[in-house]
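Each of the next two complexes has chain A plus one more chain, namely chain B in the first and chain C in the second.
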Partner chain A sequence: MLRRFERLKSWEGVLLVVLIGIVIFNSSMTPHYLQIQNQVNLFQLNIEKIIIVLIMAFIIINAEIDLSVASVMALAGCVMAYLFEKGLPFGLCLFAGLLTGVLTGAFNGFMVSYVRLTSLVVTLSGLIGYRGLAHVLLENRSVGNFPEWFDRLGQQPLVGPFPLALIIFFVLLIIALIILQWSGAGRYVFVIGNNSEVARYSGVNVRRVKMILFIVSGLVSAFAGLLLAARLGSMRGDTAIGTELEVITMVLLGGVSIFGGTGSLYGVLLSILIILNLRNGMGLLNVPGENQTGVIGALLILSVLGPNIGRGVREAWNRRHVQHIRVGEEEKGG
Partner chain B sequence: MEQLKQLKQYFRPEQLRELSLIVLIALIFLFFGSQIEGYFSPRIFNRVTSDVAIIAVVALGETLVLLTRNYDLSVGSIVGLTAFFVGKQLTAYPDMQPILAMLLAIGAGSCLGLINGLLVSYGRIPSIIVTLGTMAIYRATLVAYPGNKMVVINDLPGWITELGSRQLFSIGEFSIRPVVVGGLVMFIIFQFVTSYLRFGRRLYAIGSNPEAARIGGLPSHRIVLLAFILCGAIAGLAGFLYLVRYGNLNTAAANGMELKVIAAAVVGGISTNGGKGAIMGALLGALMINLLQQSLLRWLVISNFWVDALLGLLILIAVIIDSVIINRLSDLWNRQDQEINPVDEKKVIKEKKSHAA
Partner chain C sequence: MFKKLMILAVVFTLVLSACAPAATATEAPAQPTELAAPSGEVVKATPGNALNMVFLPKFLGNAVFDQAHEGALEAAAELQNPTELQFLAPASGGAGADQIPIITNATTQGVDAIMLSNNAGDQVAPAAQAARDAGITFVTWDSPIPSAEGEQVFVAQVDFAETGTVMADMARNILGEDGGKFAVLSAGPDSANQNAWIAAMQEVLQDPAYSNLELLEIVYGNDETEKSTQEALALVDKYPDMELIMAPTTVGIAAAAKAMQDEGLCDKVKVSGLGLPAEMVSFVKNGCSPEFALWSFYDLGYLTYYLSYLIASGDLEAVDGAQFEAGRMGEYTITKDPTRPDVDGPLRVLMGPFSQYNADNIDAAVNP
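So, the complex of A and B:
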């Protein structure tokens, strides 16, 4: 019983309390909030983001970052739409879209792990460049009229009230949980994030792990881009602009350190739920979109500031305590 | 050989990169000059210089923060918010003095920078998280600003339009506008600050090794805080320039500018790992990116949708050149430097003592 309380004191515990608070507040404000349809909608409206969040968690734990995800989404969607417009069979278009993701991911990964550039800069250039390529393909047109089954998959429920994308999200979530939390490969991700030099000397193939992560990130982003195309029913060059920031916010709020090496998917999952429910609640209260983002930004800062202040107070208290009982040792500076 | 050694003392590989940027800019200029009719016209000159002035000023502030191994992603929102705020104030009180409006913008910007800096240096939060958050918060503040969501140039006092289009002096038929002069003055001041003043050198010291700087007794917290405040203040000034340049604003003003600014700094050779680069580089980077952008828009051979794709490629190439060529060159330089002037240990110890005293 005591150990359970110990666990609640961790970051996940804080997130859980916040989540419960938000759910209680929301359900007291609007009766429709707890209906299954609203809950499914809340996932459905952000499904592409939260799918990318899963792989982004891996990458940030690995002490890298991928800013290009939103642009890869748009580029994959635009490649698919462009080829579709040219009259190629639709299956081939989808495949080309996914291939785009793999190629962009491999390019990013190569630059990061073999040319040894900073991932922030590489993916920043990707953020601008891939978006630019998407604009080159579709210029300022909007391409739609995809096959009927494709739109239906994106927009209608598949099993019961659940649409295809939501089912895929849960499957991916389970796979990610197994890999990151319970498998050896997941340990590698943590070890490299903690100290890639040590990992390299211990015989971990750091380059390969980073390469694989970036390729998967590209593939997942491309997949999310196709899902978005199915949900919206059309594709433009400027689709999904700015998504990367929200994805990164979700990961960081989940307790993953921006310097890598710490964090867990449980925390990330809780932070996804918090942000979705918070947005949904604010939406039901008619708060405009930009202000919702502002509230989430404040939440992000507070989520890191709170524990820091707590630690500072604890350290100060410990110092006084040590002085008080006059331990013979020299005082250690904090 | 003797001459080569002498050359090496006066000439660093970092300068090589600035020199190559200048050559590259000149090449771009000449190439598009031969391709586009009327390229050397005063109109395009004004366009490019005014745009460069704003981006370069923001990039200059961003450089101060980048040098300390921090990021400021909120500059776009700060520029937008201060421009909007000052525009609203000017609409409400049209008889405000121009200098007061500018100070208002700088003051507002430094307050926003202060918030960033306090959270980073005393709240001990990684700068990328802080500024990611404040980017959204400042933008939300702009949207939540009471009244209608537009600043319209017709409601602003006449001197804004006048200031935006007046020529201060002219070289031949090219007129130099006040916005450009403001940018240049800022550039000269901060080139001086970062190369000669103690504060500027400390930025480099903290950025190249924060731990060593802290142990060496530098007041890191205060210096980082000051860098963020300055960055905010400069972004505030850029907000004022933005208002003068465009006049009409909506809530998306300067949206996404932070990426362009960081791109300019990176192309100019300022390392995102801190401690490396010069203000001069930021200016050249901003100039290059803007020149390329404005030129490609007017070049009819390829569609202007290629601009961003090429920009991404440009950033990547700049970084690759940096890491592959420049870094190796500077390793070579440093090694040979030591051979030329072997470190005199007694002298070093003496210097250290005099520093400590």
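So, the complex of A and C:
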């Protein structure tokens, strides 16, 4: 009982309360909110974003960052569209799109783990460079008319009311949960994020872990780019511009420390749900676009301040509590 | 324990959403109460229909879209629509595809009509089609959906070919009988509208009647005030005998006129093109920009609202040849859109014509 209470004081507890608050508010404010179609739309309108959030959580916990995700999305989609326009078989175009992601990810990873450049700088160049390439490929045009099955997969429900991308998200979520929260590999990610020197001396292959993370990030972003192409039915060079910031917002709001080492996918999942439900609610209530951006911005500030304030309060509480109960058990609180 | 709580919460949400009625069919969208008028007849609007309509420009915080909104509000008041007009748009600076969630949410809300100035090319088409499938009237204005998928009618501001003639005529008026040299300050090199207008103007310049006008160069200010100012000043340095800058963009014309004014060059170099009266009034009065043109965004909003109201009420069918009356603006006809020849069956209403502004009428345009 006491432990549950402890846990609720954590950041996840705060997020859960906020989420429940938003759900109750939305359902009482608009009758459309709880419709199944709206609940599906709520995910579907942001599905590519939240798929990338999963891998971004790994990267930030690992004390790195990948700012190039949205540009990789666009580049992969544009490579696919460009080759498709040139008349290549569609399967090959999709493969080339995914390969684009692997290559950009490998480049980012190589620069970070072997050349030892800061990921902030490397992926910032990626953000600009990959976006530039995407614009070079498609210029100012939009390329579409993909095979019908492709558009249908992106736009129509596949099982019941659920479209393919939504199902993929939940599958990836479970895989990510297993890897990060319960596997040895996940522990490496945390250990490196806490202190990569210590990790290296304890025999963890830091470079390989980072390399793999960036490659997967590129691949997942490229995959998300293809999903987006299917959902929108066409591709442009400026597609998904600015998405990286929303992705990072969701990860940070989920309680992942920007300095790495701490955070959990439970918190990230809650923050995804919070932002999606908040956006959806504001959309249904016709809140103007600028105010929506303002609210999300305020959330991000909260997310950076919140866990710190939370920790401070918790520590103060613990100190008082410990004094009240017993002095000998301090180590357990660690 | 905490995980269990979370799972509980998620299950709770899912159950809640499953229990909710699949669709609240309580708000009956305005069904066609009478048959659409037979062809050949000019359809007039019946005031007082309660229609939930969404006016969706490219983004917020742009003067021309605010004017279009005011025009739409005037039409709404005239038609006595008791339901308030929703004015929704992404924040400026966002991606074009930011319009998609707004369309999808409007579809969820079961609105009666969406009026879109498209900023996302064909990427809005699936969302627009979903709205159409839900029985929502979908009209575009200012900027159409290229494939016309999901779009019923496009309300075009002016005929793009006419823009070329208007600009060439203004250049001739300003440069006088003996002609002269001028340059074009456009938006971006990829701006489709501007490129079409400039091409139309170059075609007009081929005519012997314009033979004493010489186009020196086309430069691009990317619709940014800073860049447009620099480009305008660079033109002055580069071409000492240039007498006119023609800017077919509201940002470019205002930036160029201000640059000439600030540098005290207005006696030598005039500025003209497409501009907003409110932003140009001082430059018209001090002679920096004696003459410019634009269509009225106010009227564009008004006409778009009228058309959408008529279609959503079921009084007007969006077919080639259908005629309707748009209040004070008079009669219009829906026709095939000749600007999108390679697309299947796009329809448009052409608002036209240009409004030309000079010292005589600028005050009236700013304070109607």
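Convention: the second predicted complex is superposed on the first by the 302 of 334 C-alpha atoms of A that agree within 3 Å, B and C clash if a C-alpha of one lies under 4 Å from a C-alpha of the other, contacts with A are read in each partner's own complex, and residues count from 1 in each chain.
Basically, a residue touches a chain if its C-beta (ideal position, glycine included) is under 8 Å from a C-beta of that chain, and two chains touch if they have at least 3 such contacts.
Computed from a prediction, not measured in an experiment: that's the story for all the values here.
Q: When the two structures are overlaid on chain A, which partner does A:G13 contact: first (chain B), second (chain C), both, or neither?
A: Second partner only, chain C.
Q: A:P89 in the overlay: touching chain B, chain C, both, or neither? Say first, second, both or neither.
A: A:P89 contacts neither chain B nor chain C.
Q: Quick check for you: in the superposed arrangement, does A:Q39 touch first (chain B), second (chain C), both or neither?
A: second
Q: Please indicate which partner A:S125 is in contact with in the superposed arrangement: first for chain B, second for chain C, both, or neither.
A: Touch status of A:S125: first partner only.
Q: Does chain B (first) or chain C (second) touch A:E139, or do both, or does neither?
A: It touches chain B and chain C both.
Q: Is A:E290 touching the first partner chain B, the second partner chain C, both, or neither of them?
A: both
Q: In the superposed arrangement, does A:D151 touch chain B (first), chain C (second), both or neither?
A: second
Q: With both complexes overlaid on chain A, does A:A240 touch chain B (first), chain C (second), both or neither?
A: In the superposition, A:A240 touches chain C alone.
Q: Per the definitions at the top, what is the overlap between the chain A residues touching chain B and those touching chain C?
A: The overlap between the chain B and chain C interfaces on chain A comprises residues 139-140, 288, 290, 293.
Q: Under the stated contact criterion, what part of chain B meets chain A in this complex?
A: Answer in residue numbers: 119, 123-126, 128-130, 132-137, 139-144, 251, 259, 262-263, 266, 272-273, 303, 305-316, 319-320, 323-324.
Q: Over in the complex, which chain C residues touch chain A? Could you list them?
A: Touching chain A from chain C are residues 1-3, 5-6, 9, 13, 16-24, 59-61, 86, 88-92, 94-98, 100-102, 104-105, 108-110, 120-123, 125-126, 146-147, 190, 192.
Q: Where on chain A is chain C touching in the complex?
A: 3-4, 7-8, 10, 12-13, 16, 19-20, 23, 27, 30-32, 34-39, 41, 45, 139-140, 142, 144, 151, 154-155, 231-234, 236, 238-242, 266, 270, 279-280, 283-284, 286, 288-290, 292-293
Q: If you look only at chain A, which of its residues touch chain B in the complex?
A: Going through chain A, the ones touching chain B are 111, 115-118, 120-122, 124-133, 135-136, 139-140, 237, 245, 248-249, 252, 258-259, 288, 290-291, 293-298, 300-301, 304-305, 308-309, 312.
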